[in-house]
Structure formats: C-alpha cells, structure tokens
Amino acid sequence: MPKLVKKRSKKTGLPAGSNIHTGEKKTKNVKITRINYDEVKYQEREIKKIEKCFPFKDKPAVTWLNINGIHDAEIIEKIGEYVGLHPLLLKDIMNTDHRPKIEDFGDYIFIILKMIYYNEKKNKIEIEQVSLILGLNFVISFQEREGDVFNSIRERIKKGKGKMRKSGADYLAYSLIDAIVDSHFLILEGTGEKIEKMEEKLIANPTPNTLQGIHNLKRDMIFLRKSVWPLREVISCLERTESSLIEESTGIYLRDVYEHSIQVIDTIETFREMISGMVDIYLSSISNKMNEVMKVLTIIATIFIPLTFITGVYGMNFAYMPELKWHWGYFAALFIMAVVGVFMLIYFRKKKWL
Amino acid sequence: MPKLVKKRSKKTGLPAGSNIHTGEKKTKNVKITRINYDEVKYQEREIKKIEKCFPFKDKPAVTWLNINGIHDAEIIEKIGEYVGLHPLLLKDIMNTDHRPKIEDFGDYIFIILKMIYYNEKKNKIEIEQVSLILGLNFVISFQEREGDVFNSIRERIKKGKGKMRKSGADYLAYSLIDAIVDSHFLILEGTGEKIEKMEEKLIANPTPNTLQGIHNLKRDMIFLRKSVWPLREVISCLERTESSLIEESTGIYLRDVYEHSIQVIDTIETFREMISGMVDIYLSSISNKMNEVMKVLTIIATIFIPLTFITGVYGMNFAYMPELKWHWGYFAALFIMAVVGVFMLIYFRKKKWL
Amino acid sequence: MPKLVKKRSKKTGLPAGSNIHTGEKKTKNVKITRINYDEVKYQEREIKKIEKCFPFKDKPAVTWLNINGIHDAEIIEKIGEYVGLHPLLLKDIMNTDHRPKIEDFGDYIFIILKMIYYNEKKNKIEIEQVSLILGLNFVISFQEREGDVFNSIRERIKKGKGKMRKSGADYLAYSLIDAIVDSHFLILEGTGEKIEKMEEKLIANPTPNTLQGIHNLKRDMIFLRKSVWPLREVISCLERTESSLIEESTGIYLRDVYEHSIQVIDTIETFREMISGMVDIYLSSISNKMNEVMKVLTIIATIFIPLTFITGVYGMNFAYMPELKWHWGYFAALFIMAVVGVFMLIYFRKKKWL
Amino acid sequence: MPKLVKKRSKKTGLPAGSNIHTGEKKTKNVKITRINYDEVKYQEREIKKIEKCFPFKDKPAVTWLNINGIHDAEIIEKIGEYVGLHPLLLKDIMNTDHRPKIEDFGDYIFIILKMIYYNEKKNKIEIEQVSLILGLNFVISFQEREGDVFNSIRERIKKGKGKMRKSGADYLAYSLIDAIVDSHFLILEGTGEKIEKMEEKLIANPTPNTLQGIHNLKRDMIFLRKSVWPLREVISCLERTESSLIEESTGIYLRDVYEHSIQVIDTIETFREMISGMVDIYLSSISNKMNEVMKVLTIIATIFIPLTFITGVYGMNFAYMPELKWHWGYFAALFIMAVVGVFMLIYFRKKKWL
Amino acid sequence: MPKLVKKRSKKTGLPAGSNIHTGEKKTKNVKITRINYDEVKYQEREIKKIEKCFPFKDKPAVTWLNINGIHDAEIIEKIGEYVGLHPLLLKDIMNTDHRPKIEDFGDYIFIILKMIYYNEKKNKIEIEQVSLILGLNFVISFQEREGDVFNSIRERIKKGKGKMRKSGADYLAYSLIDAIVDSHFLILEGTGEKIEKMEEKLIANPTPNTLQGIHNLKRDMIFLRKSVWPLREVISCLERTESSLIEESTGIYLRDVYEHSIQVIDTIETFREMISGMVDIYLSSISNKMNEVMKVLTIIATIFIPLTFITGVYGMNFAYMPELKWHWGYFAALFIMAVVGVFMLIYFRKKKWL
C-alpha cells in the first residue's frame, strides 16, 4: 500500500521555483540511457554526463532519453535549459507526488503519469511517477528508479518490428503511455484473482483476517482509482490536442489507449462494487456463525435448567415429602426428567432451532 | 457469472499491432457464412476459403458475411486487407474483452457489441462479443462461436417479409443491433422472475443460501450494467452520426433501439435497488428469527432460576429450619413455586415478550 | 405493485414492424369515443366502426378520438393509415411496456405517457399506458382499458367553461397531460399518509409487518420514480419544441405542468429519503426492544445465581459445618441472601441498568 | 415538521384556471398594506378595498403592496386584472404548495419563494409561501398570513437609511429576497446548536429519544433542502436575467444573495453528513452500552456456575464420600471455591474483559 | 473543530450595507503592515494610521498592504474609499463566515479565501478568512488575526530571490494563494498520519475512543471539503479570467496552483473513503471482541450446567436410590462428570468454537 500523503513539508513555504526533490529517494545513482533510431539505424548508449548527449534536437533521427532517478537537480536543470523547459516543470518532475497532468507548450508537450506494478518482494502495489517530454523528434522520460514496463518497447525498437522504427517521436510517446496503461491490467488481473479467492474463503471459512484482506483490496482500489481517473483525462486531452507534434495517423492509437483507460476505470468500479458486497457477506456470515454457536449452547443450557429444578425439588429436606418414601420414586423422577428433556428436544426440532 | 478479468498477459507488452487472439478459444473451426440478397434474389452459402467470397464490395446486392470464431488471425487479416480495415481494428476484433465501441472511418463503420444469453446447461449468463463492419452494401459480423440471436433475422431475409429485403445494409446492421438489445430483455425477464421468487423465499424461510442467491443476482446486475452502458453510448453515437452509410429513413429505427437500450438500463437500475433492499430484509429477518429463539429460551431459563433458588433454600442442612418440620411445608413450597412461575409468565405476557 | 418486467418474449425475434400487442389484455372490446367541439358546437359519439369517424383531419372543429383497448391491431392500423403514422409507432402503441417518449413528425406529435391510479379493490397502484397523437385539429388517445383520469376534461368541454372550447387541439393535449401529472399527486398524497401512519407505528409498536410495509412503500417509490423521470423529459421536450402544432399561448401552460412534474419528482425523492430513514429507525427500535428483554431477564438470572450458590454451600453434606448447628444459622443465611440480592439491585440501579 | 404533502384533491380535476385556494387557510381576514416612497416622500397605509390603491403603475414613486392572506380569490383577481397577470399566476399564488419559481413576462417578473421561520409555540419549523410581482416601479408581495421577516426592510424604508430610498423597485425586491435567504441562516444556527447538544448527549447518555431527535433533525434537513435548491435556481435565474426591470447596479447585490443561498445549501449538506454520522455513533454507543451490561452480568454468572457445581458435588448423598468426613473438609471446599473464583477474576482481568 | 455555524443574528435584518463585523473577534488591535518593492528597492513598515500609506496606487513599485484584524470598520471603509471598493465588499471582508469567492471589477479583483492551520495549543484545525484585493500594482490582504502562512513570501521579497521582485502584483497574489493551498497539504499530512495510527489501533485494540477519534477525523474532512471545493472554483476562475491585471506569464503558475487544489480535493476524498471503511472495521472488530467474550463465557457455563444437573440428581433425598449405597458410587459419579466435561470440550473444539 502506498504512503497516504508524501511529506511535502520540505517544500512547503519555499520559493516557488526552487527545485528540491520531494518524495522518497528511490535510487542512488542517476542512470541516463539514450536510444537513437530511424528506419535504418539503431543505437543504445548509457551516458555518464548529460551534456554528452546534446545536441539531439536538430538531428533527423528519433532520440529517446531515459533518466532513472530524479533527485539530482543539476541533471534535470541542464536538460531543462537545453530543451527550454519552463522552470515550474523542473519542480513538477522532481515532486513525485504530482497528479497526472498534460501541458502543451507548443514546442514540446509535458506529461506526468503514474506507472504501476506489483512488488513481489514487498507484496504490495508500487506506484512510480513517470514524466515525459515529447518534442518534435525526441522523447525524454524521467523515472524514479531503475526497472520499468518499457522493456518490450526497447525490444521492438531494437528489432525494428512493427510501425515503431518507421514512425516519429509521437508514436514512441504513445507506446510508452500504452505500456503504462497496460501495466494496470496486470494489476487488475491479480486483483481479480484475489477477489475470487477471497469469495471462496468467505463462503468456506470467514475469519477476521478475511475482513482485513477485503479492507486491503478496498484500499488498493481507492488508490488505483485516484491515479487512473487523471490518467484518463491526460490521454483524452492528448487525443484531442491539436498540437503539430502529434501526427494525424497516431490519433487512432491514442483513441485505442483511451478506450483501454476507460476499461481500467470500468473494471476498478466493478471491483469496488464487488468488494463492498463482500463486506456485507462477511458480516452476515460471521454473525450467522456466532448465532449458530449461541443457539446450540443455549439449547443445551435450557434443557438442563428445568431438569436441575426437578432435582432441586427432591433435594429439599422437608420432613414430609411422600414421593421420597416411594420405592420407585427415584426412577420415576429420572423418568420424568427424561420425558421433559426429550419433549424439549422435540419442541426445538419442531421449531427448527436444531 | 463471467470471468472477472480475462487474461491479457499474453498481449501485454507485445508490439501494438500484433494480432493475437485474447480470450478463451470458444470454437474449434472458423465457420464463414455469406448471405446475398436484394429485393428479388436471395442466396445463403457456407464458405470454406474466405477468398472465395471476394469481391462483394462492388456488387449491387447486400452482402452479409458472418464469421463464427475469431482465433484465426489469417482469415481476419485477409478480410481486413480486402475491406481496408485499420490494423488496430483487427486486434480489437480478436480481443474479446473489448469495451463496446463505435468508430466511423468514412468508408465503413466499425462497431463492437456484447451479445448476451442464458446458458441453460451451465446455468449462467454468457456474454459474447460481436464485431460489426458496416460498409456501403455489406455487413460483416464476427462472433466468438456458433449460435446467436440472429436466427429470426435470417428468417426474415429468407422469406422477404417486412422492410428487410427492400432496404440496404444499414437496415441489416440496425436489425442485428436490435436483436442484441432484445436479447437483454430475455435475461432481464428471467432475472425479474428470480427476484420475485427470492422475495417470497425471503419472507417464508430465509437461509444463508438466500443471501448467496441475492449476492449472485447483484453480481449479475453489476456485469450487465458494465456491458449495457457503453452499448447505449454506441447506439446513441450511431443514431447521431452523419455518416452517408446510414440512410435517413433508418434514423427512426435507431432511435427506437436507443429507447430500448435506455429501458434496459432503467430496468437494471430498478433491479439493483430492489436487490439492495432485499439484503436489508434478509439481514433483519435472520436477526428476527435469532431473536425469537433467544427470547423463548431465555424466558424458560429465567422462570426456573428463581424456582431452583427456592429448592436450594429448602435443601440447606441447617439444624433449625422450622418450615421443614411443618407437615404441609413441602406442598406449601411447591405452591409458592407454582405461584412464582405463574406470576412470571403473566408478567412476561403483559410485557408482550411471549 | 406492478409486474417487474412484462413478458416480451412474444415479440422478441419478430420482424420489426409486426404489430402484436405486448402486455396483459386488459379489456375485452375496443371502445371508441369521438368528441367534436368548437366555440359553439359540441358533439360526443360512441363509434362502432373506426372508418365512420373519418375524415376529421380537414374539419375546422377540434376532434378528440379516444380508443379504450389496444389489442386490436386492425383498428390501430386503420387509424395509422388515415393519419399517416410511421409503422414503428403502431408497434409502440401496442407495446404497453414502452418508456414515456415524445417524437415530433412535423404533421403530428406522438407522445407516450403513463397514467397512474390506485386500484382500491386490488389495494395496489396501477400503471396504464396512454399514447397521444396530436395533430393540427385533432388529438387521438389510446388507453389500455376503460376508466381514466380525463372525466373532468370531458366535463369542461361539454360545459364550455374556461379556455377549453376557445382553444385548439394543443390545449386539449395539454389538459390531458396535466390530468395525468395531477393523477400522481393523488397517489403521493396517499403515500404521504401511509408514511405518517407507519412512523407512528414505528415508535409505538414495530413488528416485522412494519418492515414489510416500509419495503412495499420503498418499492412503490422505485416504480413511480422509474415512470416519472421520463415523464418530466417528455413534458420538457414538448415545452421546448418549436413545432407549429403548439400555439405560443399554450407554452405557459406547458411550463406549469412541467413544474408540477418536477414537484412530483421532488416529492418522490423526499419520500425515498424518509423511507430509508425509517428502515434505520425500525432496525434500531427492534434491537432496542430485544435488548430490553434480554437485559431484564439477565438481571433476574444474575441476582439469583449468587443466591443459589449460597443455598448450595449450606446444602453440602460435610460432617463438620459449624454454621449448620447454630440456632439462627438458617435465618442468618436468609438474611445474608436478602442483603446480597438488595445490594445487587442497588448496584444495577446505580449503573442505570434498571 | 411541515406536512408531507398538502391536500390537492380539491383542485385535482378542476378546469385549469379556476382560482381555488389550496393549502391550509392560515389567516381570517386579508390585510393589505401599501407603502409608497421615493427619495423624499414616504407613506404607509392599510387599505380595506383593493381598488383604492389603484392606479400605482404610472406614479413615479415606488409602491410596495403587501397582501397578508391569499384565500380571497376576488382580491387577487382584481390585482391580476389591474397589473395584467396571466391567469395561471393567480392559481399559482393561491396554491401554497408551489415550488419556488421565477418567470419573466417582460412587463413584470413573477417570483415564488418560501419564507422560513421557527414557530416557538409549536416548537417546529414553519414554511410560508411568498409570491412577489416585480414591475417597473412596484412590488406586490403575497403572504399566507401576518408576520414576516420584512420588518427591518420596512424600518429602512421609513428611516431612509442606506440605498433603499434612492433605488427603484428592483432593489426593494432584492431586499425582500435577501431577507428570505437570511431567514434560513437563523434556522441553520438553531439547527447547528441542536446538533452540538445532541452530540454531547450522544457521548454522555444516548437514549432512544436521542435517536428520535436525530431523526427529526434529519427530516428537517430533508425539507429545508427541498425548499432551498429551487430557491438557489430562482436567484441564479434572476441574477442572469436580461430584463430591463433590473438595473445593472442591482446585479452585484443579487450575486451576493446568490452566494448566500449557496452557503445555505453547503451548510445543509454539511449538517446532513454530520447527522448521518451521528446515527452511526448512536447505534454503536447503544450497542456498546448493551454489551457492557451483558458482559458484567455474564461474568458474574460465569464465576458462580463452577462454584455452584462444587457445592452440588458435596451436596450429593452418596454413602461413601471420604471428604465429607474430614474435619476441615468444609473449609477446604470453601477455600477451593475461593481459589477458583479468584482465579477466574484474574483470568477475566488479564483478558481485559473486566 | 470549527464552530458549525457562526452567529449571524447580529447582522440578519440589518440594512444591506451596514458594515458590522460578524464572527469572533480574534485580535485586539488592528495591525497594518506595508511592504513596498521593485527590482531594486525594498521597504517594510508598520503603519499606525491607515491614511499614511496613501497614495500607493500611482507609484511604480508594488505595494503589499496587510491588515491583521478586521473588526475596525473605519479602517476598512477608508481603504475601500481610497481604492474605490464596492460597499458590499466591505461587508464581505468583515463577515468571516463568507464562502471563498472571486469577483472581477475591472480595476481590481476581489478574492476571499480560507487559510488553514493546526493550532497546537487547542489541538484543533483553525480556519481563518483571508480577503485579497489585487490591483494594478498593489495587493491588499485582510486577515482575522496575527500569524499567517505568508512568512516565506516576506522572506523571498526581502531577499530578492526568485521571480518575486522582478514580477508584478499578480505574481504576489499568486504567491499568497499558493501559500494558502500549500497550507492544506500540511494539515492533510497530519491527517494522513492520524489515519495510519488509527488503523493500527483499530487492529490492535479498538475502544469507544477510537470511534470518537474516527468520527472527529470524519468531521474534520467534512469541514475541509466544504472550504476546499470553493477554493478550487476561485482558482479556476482566476486562471481563466481575461483580466488585464493578470499577466500572461503568471498563467502557468495559476495552473500549477489549480492542480494543487485538485490534489487537495483528491486527497480529501480518498481520506473520506478510508475513514468510512474504518468505521466498518471498527464495528466489526468490536463485535468480534464481544462475540469472543460471550463465546468463552457461554462455553464455561454450558459445560457446568449438565454437570451440576448430575450433582443435583445425587443430591435428591429419595429413600431408595441404589447408586448412593455403592461404595464407589461417589467416584463413579465424579468420573462420569469428568467424562461428560471432557466430551463437551472435545465437541466444542471440533466445532471450532474454542
């Protein structure tokens, strides 16, 4: 489960414009990778000094600059200066708690998205911020740490399969967004399986842990939802943009990814409804179980209380109690008690309490 | 109940554009049927090789090409090539988990819908994806497997009754969509009957199974709703389109089917409200039943506890207990106990606890 | 309570356009009444053969043709032919499960509405479909059976009071719609009284029947709401129409009836909220009542258990129990028991459990 | 609490346009007051015959005609005739159950509002309908009975303070509406205090009466809300109107009163949320209290049941029971019982049940 | 927790326009501070008499006039007169219960906002109203008392860092609004931590205090939400304004602060959902705990009741009870009782009730 609110105290009250990384520092060293490609060429290089990859704006090939690690203000400022980014954007890139957004500056489009994946080790969903800058022939992506959902894209660029190598930077940007939206489906698949397992457990043997599990699912959905709704807006905005940076032929792909984002939202809403139904089932089955315990126990108690009363009567020490003298009195008393007990059992069974 | 989320892992991360069938493979062999008709002629043929039915675009008669089975990428690609479909659409046709949508490409309109029917054998609602391509004088429909809700349409084309044979491909497309919307009414009728039976059970004899049944109904409604809302959007979009493929006279029919789709939504919402009211009734009647058990049992216990106390008093072994010596002491004690018991019964009855 | 979903199976799958009556057949014979009026003349006639009342379109007087019973396709088709109705409308008139709607065809406006009244005999709310066709100088109304809420309108036409006789067919149509909206107020008045009675019962003596009653009210509101929302849309649409069939002076009357329909919706929503509050009150008062029972009973039990323990102690048969030999031992024991009992009563009262 | 639905049966079915007062008759005699003012003059007169105050339309001074009592159709019709009101409005004025509305007729603007005040005697909120007619230089106000929230306005006109005397009839109308909106704040203040008292009670000592109180508050809010939402619409409509009757300088005042109406709505919604939270608190604290009772009582019972069992053992009459012969047997038994009791107390305390 | 509704009674009924301070008087003396700056100069002065700081409108430098304390009508009226404020605004400034709003008067823009901070002493969230007047080269800010969230802005102006000294009054106004929005994040951070602590408590050891704590959090969120939604509207309005007072380059900063306000709303909504989930968890864990108590206690009782019955049987005084004479009868009885007890324990354990 992600942190509820990341500490912003560091920033709050600082001059708007001072670039300070807000959020957890998730990687030690900044790693910069540059991929250059056009229909015929392909080059991938790790770069130590950011200046080395300039200039790339005027080259005909498409350049994809990927920066893992966003805590080093110097690198980001240098890139900002070269590309001509608005100072506020530098702050936005470094603030990992930013809401997904898109802004069109004419020369470039700035996009903030949330990448989502399941951390098997920590057994929880991780959300990582990805900032994209789409220029005429370049895409710059900023990630919080190494490891992402873009490997298949790298593969496709390398192998030159599909439209990728034939298309411009806008198609690359689309592919990155598509990969991010697809990453949600993996999480939702996992959640769907969890919900199904949980439902079986609910019927078989509900425990307080089950409720805790339902609650965690609910919480995951709240967080997913919080990040997916603005994602949808961003893609919708990108689809409807009239920026010259997006070729017309890419439009249909953006529409496709937009539909996927709506499907993610639909699924999250469906899950939310199902999970809230599960709480009802849980509460009612817990109360059923308890009721059953109470019922059986109370029945036992109730049968014996009248019988004990009878033993009490014949345990009294009155001088004159005719029954006590009868030879078969004891057995008669036992017989009466048996009759009373059996009668009550029959009565309970008739009332369907047993 | 349909699967919560279909496996998309196969696809996720693949180049956008690689046509891989996602979803369960529901039929073995692809079956292609071609129906040709105009006001005078009618021809129905099953086709083995898809190439055999080309060309149909330039013929004056209306062609309805129905493909059962969507896992064979080759066939779909060939059709796509002939009709000039955008590559993304081929992927959409094969992804059976796609959201209902409509897209107007000028030459043709592409529609994805969900057909719904009750599988008597498996005792559950089945949802099947139907993709339609409406061209100037042809309709191509893709289904996941054999068996559909279109038999009456085939009949009407064959017999030449009504407007069908006199109208163009747009009227055929309307008829298919109408049949799909009508298929929802059958399901809702069944659900309505289930709800009524469930309500009678709720009053007569609610069991944990009843709750499970209510929960299943609720879940069915969640899934129906998820598929009907975009259906409504699709029809609304089709009605408002200015495409030259739709003749003006078909508009009123589309408006009619749009109204039906709204009625489906209305009914689903009504059912949802009723089902959620049923959960309340269930919980309260379960708790009533339990309360009644507890009440009667507790009353029995309470009457005997004071009586047992009295027997305890006269069971004490004190040397000097004057009552014990009295000749009628025992009977007096019995009498007092009877009085106490009767008094408590009267008190309970007065308080309406009995 | 109306049926949840009317059987449509008869229709589903038939050629769009085949006129088959769907819904319960509510009257045996079709009864046709024609009222002709202008500022000076008034004529009311029952008509056996529909052809006899043609032609009425070209006459200067206003003609109101009322048809009770909609299962006779022939009559409706003849009217349709004479007036020039679109074939789909004939189907809509005969399908009594249609959603309220309005459609403007230039020459005539077609309206479907739901009339509502309380059936005293069956003790339930009945919903009946009314279809109106408003032409230049005629109104045709189709009802499911005899008996309606239009008697006062007939009276007003007959007596020539008010604007009616001086106005055209649009004012007549307005009057019919107004009468239908007003019929909702009668039902809501009745519901309001039921809610007030139910609330008194809730406080005085809630029983499981009370919950059943609340549930029924809730259900009535769900159904009323389902029929009123589209009614509002229809009237709003009629008010905003630019059809030449509606004179400008009728606009303000339509606005008035529109406001009434909003008031109906407001009242239904208010009732819904109140009813849902009543469920809470019911559950809490039932649980209060049960708690009270349990509390008093448990208190009695708790007082006597320690006392019974004391009698148990002095009922033991140990050879050496000094107290038993004391002359006042018995009375001392009784006194101790009384003290313990009184002390517990005081303790309970102090804790406000009594 | 206002009546749920006022009787409309009187009206329903009458010719639209027959002016019959619907609603409770709240005052005996109709009282008409006329205030005339301009920057220099001021005159206030009670008028017996409505004709006496005509003509006022052509005078340069502003005329405010206030009518207390709306059951006398004659007076209202005379005014209507003089001012040129549409017949429907006369009906609206007399129907005290009308929804707040505004209608612009060019020559005059017709407004229906709901005045609200707390009736100390009956200890409930009263809602009274006020109809306003704003003309070029006059305002006519219709109230159900004497007593209103306009006294301060009369005072301001009389004393000539502020903008009032310098402004036209539109400013007077604004002042009346402002007074009506302000009257809601008084009610909400009172409700706020009630909620705070209720919350203290909830924590200190919740009783079924508390729930009844919460329920009443909830109901009040439902009714207030029903009347305030259309009020907001009316004011918004008035602010945006382009009528020549409203001077531009009055616009900012209308915007101000519009903001107040939104604040009323905000506050009502906040109260609704808080009240619904209070129901949860109530239910949980009632159940806590009950649980506490049950727990303490059950603990007492549980401690004594094993002890009573031990006394039972030594109360048995077996011929050979070695312990009974021991000299210290009795005291040993008492000691064992004490040990068992203390041990159970310790156990309960350890488990935090005490 | 803020007061529910501030007393308005003082005002209600007064002439619109009479400037009376409504709300708690939060500071004794009004303190006026003037800051003058341009790119080269900087001056900060406390001012005793408001007249002394006039005229500032025509000076080229930016003037920021900050007034702490708003109960002195004279000072506010003087400022109003000098700047040319509409009389209504003076009333709005003094009414501390006003809804956040923005109004553009051409020469100046008037803004009301809510500043929020945590009062450590009183341990509650405090809301303070801030009114801003933005003119061509000046900003006037009115606060209820000393102490605000603007210190960092003063620091930045003084030190001349960042854009501040190079920009106009609009950038200053933006900075003030940004500081106010940022102040919400601090509160939300604190709330996030509280929620996390509360959740741990919920699982570890829920008490009625926990519920009270949840309820308080819920209430805080209701109030925050009430103030943040209009804040968002105000900023959105400011961002979209076409006023010449806002330079184009400031637009992107306003967009940034707008996004922050949306993030605040998102976070509040997320918290609301989580808090409402916590109530469910609380109720269910309280009921679980109670159930556990009841279960163990009832089990103890149930085991001993049959055993006590057996002791009762052998405590009866019948003359002929063969078992009593057996030498090992007593031990046999003890053995039987042990067997019964162990058997019941096994049964309970098997049923998973232990």
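Lettered A, B, C, D and E in written order, each chain numbered from 1.
Basically, a residue touches a chain if its C-beta (ideal position, glycine included) is under 8 Å from a C-beta of that chain, and two chains touch if they have at least 3 such contacts.
Predicted model, so just to flag it, every value in this text is computed and none were measured.
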Tell me whether chain C and chain D, two copies of the same sequence, contact each other through the same residue numbers or different ones, using over half shared as the line for same. different
Cα centroid separation, chain A vs chain E, in Å, comes to 26
Roughly how far is chain B from chain E, centre to centre by C-alpha average, rounded to an integer in Å? 43
Touching two or more other chains in chain C are residues 287, 294, 298, 301, 305, 308, 312, 315-317, 321
Think of each chain as a node with edges to the chains it touches; is that a line, ring, star, complete or other? ring
Tell me, which parts of chain A touch chain E in their complex? 3-5, 7-9, 11-18, 86, 88, 92, 97-99, 101, 103, 208, 211-212, 215, 218-219, 222-223, 226, 279, 282-283, 286-287, 290, 293-294, 297-298, 300-301, 304-305, 307-308, 311-312, 314-317, 321, 323-330, 333-334
Name, in rising order, each residue of chain A that touches chain B in their complex. 149, 151-152, 156, 161-164, 174-175, 178-179, 182-183, 185-186, 188-189, 191-193, 195-196, 203, 252-253, 255-256, 259, 262-263, 266-267, 270-271, 273-274, 277, 280-281, 284-285, 287-288, 291, 294-295, 298-299, 301-302, 305-306, 308-309, 312-313, 315-321, 351, 353
